[in-house]
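Two complexes come next, and they have one chain in common, subunit A, joined by subunit B in the first and subunit C in the second.
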Partner chain A sequence: MNTAANRTTRRRAAVAVVAVMAVVAVFVVRLVSIQIVQADTLNAESFDKLSAETTSYGLRGDIVDEDGTVLATTVLRYDVTASPKSVTDFERTGDDGKSVDVTALQAAGEVAAIIGQTPEQVYGILTADPSSNHVVVVTGIDVDAFRAIRDLEIPWLYYESNPVRTYPNGAVAGSVVGFMGEDPDADPNAADPAEAPGESEVGVSGVEQMQNQCLTGTDGVETYERGADGVAIPGSSETVVQAQQGGTAVLTLDSDLQWFSQQTLLARIQETGAAWGTVVVQEVKTGKLLAVADYPSVDPNDVDATPADQRGSIAFQSPFEPGSTFKALTAASVLDAGLADVGTQVEAPFIYTDANGASTRDSEFHVDPLRLTFAGVMQESSNTGTAMLGELLSSQQRYDYIEKFHMTKPSEVGFPAESGGILAPWQDWDDQTNLTTTFGQGVSNTAIQIASLYQTLGNGGVRLPVQLLEGCKAEDGTMTGAPDATGEQIVPSTVSTDVVNMLETVVSGGYASKELSIPGYRVAAKTGTAQMSDGSGAYGDSYITSVAGLAPAEDPQYVVSVTIAKPVTIESALAAAPVFQKIMSQVLKEKRVLPSTVPSPDLPTTY
Partner chain B sequence: MTNLAGATMSRPRPAFAQAVAVDPDFDLDLPGVEHPIAPRRIQVVPTRQQRRARPKIAYAAVVVAGVLAIVITQLMLSIGLSDGAYEISSLQSQQKELDRTNQTLSEQYDSLSSPQNLAASAEKLGMVANSTPVYLRLSDGAVLGSPAAATGATGAITAGQSLIPNASLNPVTGTPATAADATAAAAAAAAAAGATTADTASAPPVAEAPADIPWTGALPSPTTR
Partner chain C sequence: MVTTPTRNPPRSTDRPVSDGPRSARISLGQVFTAESGNYFLLLGTTLFLVLLGLVMVLSSSSIDSYIGRQGFFGVFWKQGMFALIGIPLMLVISRLPIRFFKRWAWVAIFVAVGVQLLVFTPLGIEVGGNLNWIGIGSFNFQPSELVKLALVIWMGSILAKKEPLLGQLGHVAIPILPVAGGAILLVLLGGDLGTVMIMAGLVFGALFYAGIKLRMLFLPVIAGALIAVVVAFSSESRTTRIMAFFTGSGADYEGTDWQAQHGLWALASGGVFGVGLGNSRAKWSWLPAADNDYIFAIIGEELGLIGGVVVLLLFIALAVAFVRIIRSSNDMFSRVATGAVMVWLIGQAFVNIAVVLGVLPVLGVPLPLISSGGSALLTTLAAIGIVLAIARENAQTERAGSR
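Let's turn to the complex of A and B:
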C-alpha cells in the first residue's frame, strides 16, 4: 500500500468516527433530556394516556335474620345515559353478518319498549337539547333490562352501575330493619352534584342506622396500564386502595315468625278497626327477640308509601300506659317483699279509696266485695284488689322495684330513638298516680319493656339483656359486637314461679280463657285494657288492649306480648287475645315445644 | 497435500505466524493452466496445536443458536404474556357477566322465598296450616298432643290476602328521566314518527311473569329401614 491510500483510509475513518460520535452525542443528549430532564412530565403524560382506574365497590353489607334469610342487601342497578350531540342513525350488524340501518327514532323505540316508555318519550329526551353532551335516559334498571339495551348496540348510549339497597322480604321486619336516606350530618355544600343519588346515603332508621358502621363498605381503587385496545398490560395493575366489603348484621329475628306475627296482627287490627299495634316475641332463656311486629310499618323498598311519622318501630320507640299487664310486676314486688303470698285473702270492693283519698274501681260493677286470693286478684284483674295489695309497699319501694325491672330505661338493644318508658320519680307522684301505678296507669312502657318483664318472670327471676343483634359478621366470617348476655337476678325464682302460677289462672279461668288457651299447653298470661290519655292530661274513651304471656307455664320458653290500640268493635283485651293465642301456637309449633305433661297447680282464686 | 492446500486457502492467513513450515514440493495444480517453472512459494501454516486452539465453526453455531433460542424464547414468553392478558381480560368480563347473572338470580330467589310469596303460593296450592301439632316421643312411643285435622277455615293464614307488602316482588322498572319540555319534545317526536312510519316491531318482548313451575318428580319421602 502506498501512503496516499493510507491517508485516504485514515481520513475516511476519521470522518466515520466523527459522524458516529455526533450521532451518539445527539442520542445521549436526547436520552438525558427524556430520561432525566423531562422524565417526570413525560411519565405523568404517558400515565394519563395509558393508565385506567377502576373502582372496585366495597358494597354495603347484608342484614340477615337468625338463619341467614336476607332482609336487606345491596344490588347493582344501571343508569343509561346518552350524548344527544352524537345521536344519529347507525348501522347494526346482525347475527347473519348483514348490516341494517337503524334510525335514531327506531333505536329510541327499542329502548322505550324495554323500559316501558313510549318511543316518543325516549326520543323526546334524546332530542330535547341536541347541543348537550349528556342526558339521562333512565336510572335504576335491573340487569335484564340493562343487558337488553346493551345488546341493541346503540353507539351513543352509555352505562353506569350504581349500588342500590333492596329488601327481598319487603315489609317483613321493615320497621326494625329500617331504610336508607340522605345523611343528615352531611354538609350539603360539600355534596358533589355529579355523584349519583344513593351513593351518599346512610342508614337513617332501624338496624340500618344502628349498624351503619358495621354495614358500610369502603370502595377500593385499582389502577392499571392499558394498551391501545384497552386490554391491561400484564403486571401493570396496582391496587391503590383495597375495597372493603361491608359486614353482615345478623339479627336474632326469625323472618317466618316475624311475617306470621305481622300478618296476624294486621288481620286483627283490620277486623277490630284498631289504630295501631305491636307484637313482640322473645325467647325466655336467651333474651333474644324472635319477632318485633309493628303496625303501621314501612316497606323499606318503598319508603315514600308510608307517612314519615309511621316509619319507625312502635315497639321500641313509643311508650304507652300498659294497664293490667303491669300487675305482674306489682305482684312480684309484693311477693318479693314478703308482704303477701299467692293465697293472701283480699276483700276487693267495687270502689276502693285509699288513705290518701285516691280511689279506683273495678272494670265490672259488683255490689258485694269479691273474696279473692292474690291469685284471684290476678285472675279477675281486680284494680281495687291490686291497689290494696300494692299499697302494702311504700311509693318508694314500688318505684325501686319498677326501676329494678328495667322499666325506666331503654333496653340493651340500643335501637335508634328507643324509649325507656315514662315514669315520674316517686316523690313527684300525686295521690292518684301513687295508686294507679300499681295497675299500670300513670306509667308508660314500651312493648319491649313489657316483654322483658315477662321474660324475667319466666326465667326464674333472671332478667337477660334484650337482644336484637347476634353480631356483625365480617367478610372473613369473624363475628364482632355480640351483645353481653349476662343475666341479672331481679327477684328469687320462688317469687317468679309464684307469679307465673298466678298468671296461669288467668288463662285457665279468666274472662278471656277461651281465647287465650292453647290445647295441650299450659299458658300463663295477663290481659290488659288500659285507658288511653286523650293528650290533654285526662283519660279519653279509647283503650289500649293487650296480652302478655308465657308458655309453657311449667318451664316458660317464649314470651309473646300483643298490644292493639283503639279497637272499635271490641274494647277489651279480647281484641288482642286471639292474636296472642295464634302467635304463641305458631311459636310453640315452629320451635317444636312439646305439650305440657306436668299438671297445673290450680291455685285457689276465691275463698 | 491437497488437504493442506485446501485448508490454507479456505482460511485467512494468520497475521502473526509463530512457526513457519516450508513445503518444498508445494505446487498449485490448477487445471488448464500451464505453468512455467513457478517460483517456489513459501507459505505459513499453523501448527497442529494452533489449529486445535483455533475456534471451530461448531462454537459459532452454538452461540448463534443460543442467541436465537433466547430471542425466540423471549418472543414466545412475551406472546404468552400478552395472550394471558387478553385471556385475563376476557375472563374478567366473563366473570362480570356471571356476577350479574348471579345477582339477578339471587335477587329473584330472595324475593320468591319471602314469606309473603311462599304463603300465597302454598295457599294457592290448597295447603292449610295445622295449629294443633302432635308429637311422637321416640323414647317411649308416647303421642303428645291431641291430633286434629286442619281445615280450610282454621288453617288459612292469609285467607287469600297478604297484608304485608313487598315491593321487591314487583318487577324493577327504573326511573325514566323527564325532560323539562318532554311534552313538547314528545309531540315533535310524534310528528317525526308519523313521517318516518316508526317501526318498533323489532322491540323485544316484555318480560313474562315467572310461571308456576309444576312439580314433576316423585315426592321426596324418607327412607325407612
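Let's turn to the complex of A and C:
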C-alpha cells in the first residue's frame, strides 16, 4: 500500500468524523430547541388535540325519611348509540381464546334480546341510513342491561350515561317529595341544544324544590389524554374540578306511617265518594310531621299521569274552612281570657241571633235550648253555644288569638307555595263573619295549621315550629339546615289542659264516639263538618268533613288531623272519623305508646 | 505424510505452518485469538443499539399491535425473533474470510437485483405509495435492503480488482455505472426515494473511500442531485410532503403535516428526562409509524433529551468504530466495504433523525438497528458482520506484520 493512498484514506476518514460531529451538533441544538426551549409552546399546542375533557357528575342527593328509607334518588341510566357507517360483521374472542365471526344481524339480535325488541327492529335502526355516523339504539337502560350489552363487545356501539331521578317508593309521600322539571328561571335561549333533556332539570315541586340547593350537586371536570382513536390513555386522567355530590335531604316523615295514611285515606275516599282529602300526623313534643298524606297525589315517577293542578300538596297549599275543629281555638281563647271556664253554663238555642243581628243555627234541630256546660258545647259541637261563648271576646281579641296561634301565616316548613290560610282583618269582618269565625267558617286554614293548633293544645300551650326537614346531610355526614325547634307559649298549660279535657268529652260522649274511640287509650278529638263555599261567595251543599285530635289525652304524644272533602255517601264527620281512628291506632301501636292508666276527668257536659 | 486432524486448515501464506512429519501441530487458527478493540467497539455498540431498539419497539408498537389484534407483544416478538436470527448471522459472517465475499460478489449483486425485480411481479406489495416490498405468505420484506448489502460486497470487490486503474474515469464508470446505477434505478422505479438516496450515498461512500479523485465524483454527485430533485417532484404525494415541510407546521394538520407535527409534539412532551419508559402518548395511534420511521420521537418522548442524545452518541460510537477500521485497513476491499456500510448506516440514521427533528422533509427511512422491521435488521446486522470480518482480518494482518 502506498503512502499517498494511505494519506488520502486518513484524510477522508477525518472528513467522516468531522461531518458526523457537525451533524450531531445540529441535531443536539435542534433537540434542545424542541425539548426545552419550545417545549411549553408545543405542549400547549398539542394539549387541545391530545387531551379531552369529561364531566364527572355531581349527582343530585337523595331525599330520605327519618330512618333513611329512600324516597328520591339519582341513578345512572345509559343510552346506547351506534355508528351505522361502521356497522359490520366482526370477530369476537371468547373466554377460551377462540375467535368467532359475528354478523351485524346476529349482533343486532343479541342487543334486541337484552332490550326486549325484535332483532329486525334493532337491525332496522342500524341500517336505516348506512351513511350516518350516529343513531340512537336505545335510551335510558339500567346498569344491568348496559353491562350485558357492553359485554357483547360490539365494536360499533357507543355508550353514554345520564343521571336520572327516580323515586323508589313511587307515590308514597309523592306530593310532599315533589318532582323535577325544567328550570323555570333558566334562560331558554341559553339552553345547550346538545344537552340531553333532564340534565338541566331542577326541583319544581315539594321538597325537590324546597331543598333544591341542598340536593343539587356540582358537576366536576376531568381531563384525560386520549389516543387518536379516542381511547382514554390509562393513568392520564386528571381531576380539574372535583365533583360535589348533592346533599341528602332528611325528612321527619315516617314512610311506613306515610304509606299507611295514604292507603287508609284513599280507601275511605273511595268508600265515601269524596273529592279529596288529607291526613297530617304530627309529633306533639317535637313539632315533627310524621305523615302528610294527600289525595289526589302525584306519583313523581310518572308526573304526567296526574293533572297539573293536582300535583301539589293539599295539606300545605290548599286552605279550606275548617268548621268545628276550629272551635278548640275559640275555647282556648275564651278560657285564656278568663271569661269562662269548663263548667260555664250556656243555654244554647237552635237558632242564635247576636246583638249585630247576625245569626247561626245548630246542625241538629232542637226545640228547647240545650243546657250545656262549656265542655258540653264542645261535645255537642253546638254552633250557637260556641258563638255565644266566643262573642264574650271582641272581634279584635278573637283575631289576635287566631293570629297568636299562627293561623294566619304559613308554617315554618316553608313548603313551596305553602298557604298561610285566609282571614280578613277583624276590621273588615261583616256581622256574619264576626259570628261564624268562632266556629271555623269565614276563616280558611291549611291542614298543617290545624294540626299545629292541636299540637299547641296538646303540648301544654307551647307551640313548636312545624318541621318537615331534619336537615341537609352533606357527603361527609354533617347535617346542616336543621330547623329551629324553639317553642312559643301561646296559652298557659292550664288552659290547654282544659281544652284537651273538653275535647276528650267529644270522644267519650259525642255523636261519633264509637268511630273515634281507641280501646285502651284516652283520645281527645274534635269533629268538623263545614259547608263549602260554592265559589260565588255563598255556601253550597257540599261539605268538608274533618277530625283533629290528640292521644293519649292525659299526655298527648301525637296529633292526627283528617280532612275529607265532598263525601257523597256520608255527609258528616263520620266520613273522616274512621280514618282518624285507624291512623291514630296505627301511630300509637307503631310508636309503642303505653295505654292510658289515668282515668278521664269526665267533665260534666250538661246541667 | 501423517494425517493430522486440523480443524482449521492453514490458508494464508504468511502464517507459520507446521512442516515435517515429526511436528504434529494442531492449528486452531483464529478460533481462540483475542479480537481487536475496534472489533469489540463495533460489536458492543451494535448489540447495545439492537437491545435499545427491541425495548423501544416493544414500547412503541404495543398499542398499535394490540389494536391490530396481535396482542401487545405481537410486533415485539417478531422483531425479537429477527434479532435472535440476525445476531448469530452477524457473528457467523464475521468469521468468514474476505476472500469469500470477493468470490461471491457478482452472485450477490445478481441475486439481489433479481429479487428486486420480483417487486414488479404480482409478489410486489405497495406500501405508502412505494412499490418496494415483496410478500411471500405472511412474510413481507424489502428486497432493496438486500441490494444495499450486495452493493457493499460488490463495490468492495470490484474496486479492489480495479485498484490500479482507478485513476481512469472509464474504468471506474464502466462496471459501476451500469451495475450500481442499474440497481438504484430499479429501486427508483419502485418509487422509494428515501432508499434510493441511501443507496446513492452508499455508492458514493464506497467510491470516496476507494480514494477516487474528488473531481471525478463531482459530476455524478451533481447529476444525482438533479435526478433526485426531478424525481422528488414527480409524484404528488412527495411534492405535498416536501411542500408541507417548506410551508411550515400546521399547514395541513390532518394531512401531510400530521406525522411531522405529532413527532415534534412527542419530543416536546418528553422534555429533558422524558415521560418514562412505556408512558408515551404519541404511540396511542397518534404517530402512524411510531415503531418505525418515528421511533426516535418515541425515544425522545419516553427517555427525554437524555435518551435522544444517548442514541446520537451511540451512532457516533458506531461511526468512530467504522472510521478506525477504515484507517487500520490496508486493502481496498476493506476500506470500500467499511466506508460503504458507514455511509449507509450512519447516513440512514441521520436522515431518519433529521426527518423526526423536522430538519428534512418526511422521507420514510427507518432508524437502523432500532426501528422495527425484520429484513432491514437482518441485512444491517449482516453488513456489520462483514465489517467485523474486516476488523478481524485487519487485526490478524497487523499481528502478522508486527511479527
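In this text, the second predicted complex is superposed on the first by the 538 of 607 C-alpha atoms of A that agree within 3 Å, B and C clash if a C-alpha of one lies under 4 Å from a C-alpha of the other, contacts with A are read in each partner's own complex, and residues count from 1 in each chain.
The definition used in the following text is that contacts are C-beta pairs under 8 Å (C-beta built on N, C-alpha and C of every residue); 3 or more make two chains touch, one makes a residue touch a chain.
Everything numeric in this text was worked out from a predicted model, so none of it was measured.
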{"item": "First, second, both or neither for A:233, with subunit B first and subunit C second", "value": "both"}
{"item": "Touched partner set for A:308, first subunit B, second subunit C, both or neither", "value": "neither"}
{"item": "Touched partner set for A:367, first subunit B, second subunit C, both or neither", "value": "neither"}
{"item": "Residues of subunit A touched, compared between subunit B and subunit C (which is higher)", "value": "B"}
{"item": "Contacts of A:13 with subunit B and subunit C, given as first, second, both or neither", "value": "second"}
{"item": "Which superposed partner A:355 touches (first subunit B, second subunit C, both, neither)", "value": "neither"}
{"item": "Partner chain in contact with A:538 - subunit B first, subunit C second, else both or neither", "value": "neither"}
{"item": "Set of subunit A residues, in rising order, touched by both subunit B and subunit C", "value": "231, 233"}
{"item": "Contacting residues of subunit C [partner subunit A, same complex]", "value": "63, 67, 69, 208-209, 211, 262, 264-265, 267-272, 281, 284-286, 300, 304-305, 308-309, 312, 315-316, 319-320, 322-323, 326-327, 329-331, 335, 339, 342, 346, 350, 353-354, 357-359"}
{"item": "Complex interface listing, subunit A residues touching subunit C", "value": "1, 5, 8-10, 12-13, 16-17, 20-21, 23-24, 26-28, 30-32, 34-36, 38-39, 41-43, 45-46, 49-50, 91, 225-229, 231, 233, 236"}
{"item": "Touching residues (chain side subunit B, partner subunit A) in the complex", "value": "81-82, 84-86, 88-89, 100-101, 103-104, 107, 110-111, 113-116, 119, 131-133, 135, 137, 144-146, 157-159, 162-169, 172-190, 192-193, 196, 198-200, 202-204, 206-207"}
{"item": "Touch list for subunit A against partner subunit B, complex", "value": "69-70, 73, 75-77, 103, 105-106, 108-110, 112-125, 127-128, 135-148, 166-172, 231-235, 255-256, 258-260, 262-264, 266-267, 270, 297, 299, 301-302, 305, 519-520, 582, 585-586, 588-589, 592, 594-595, 597"}
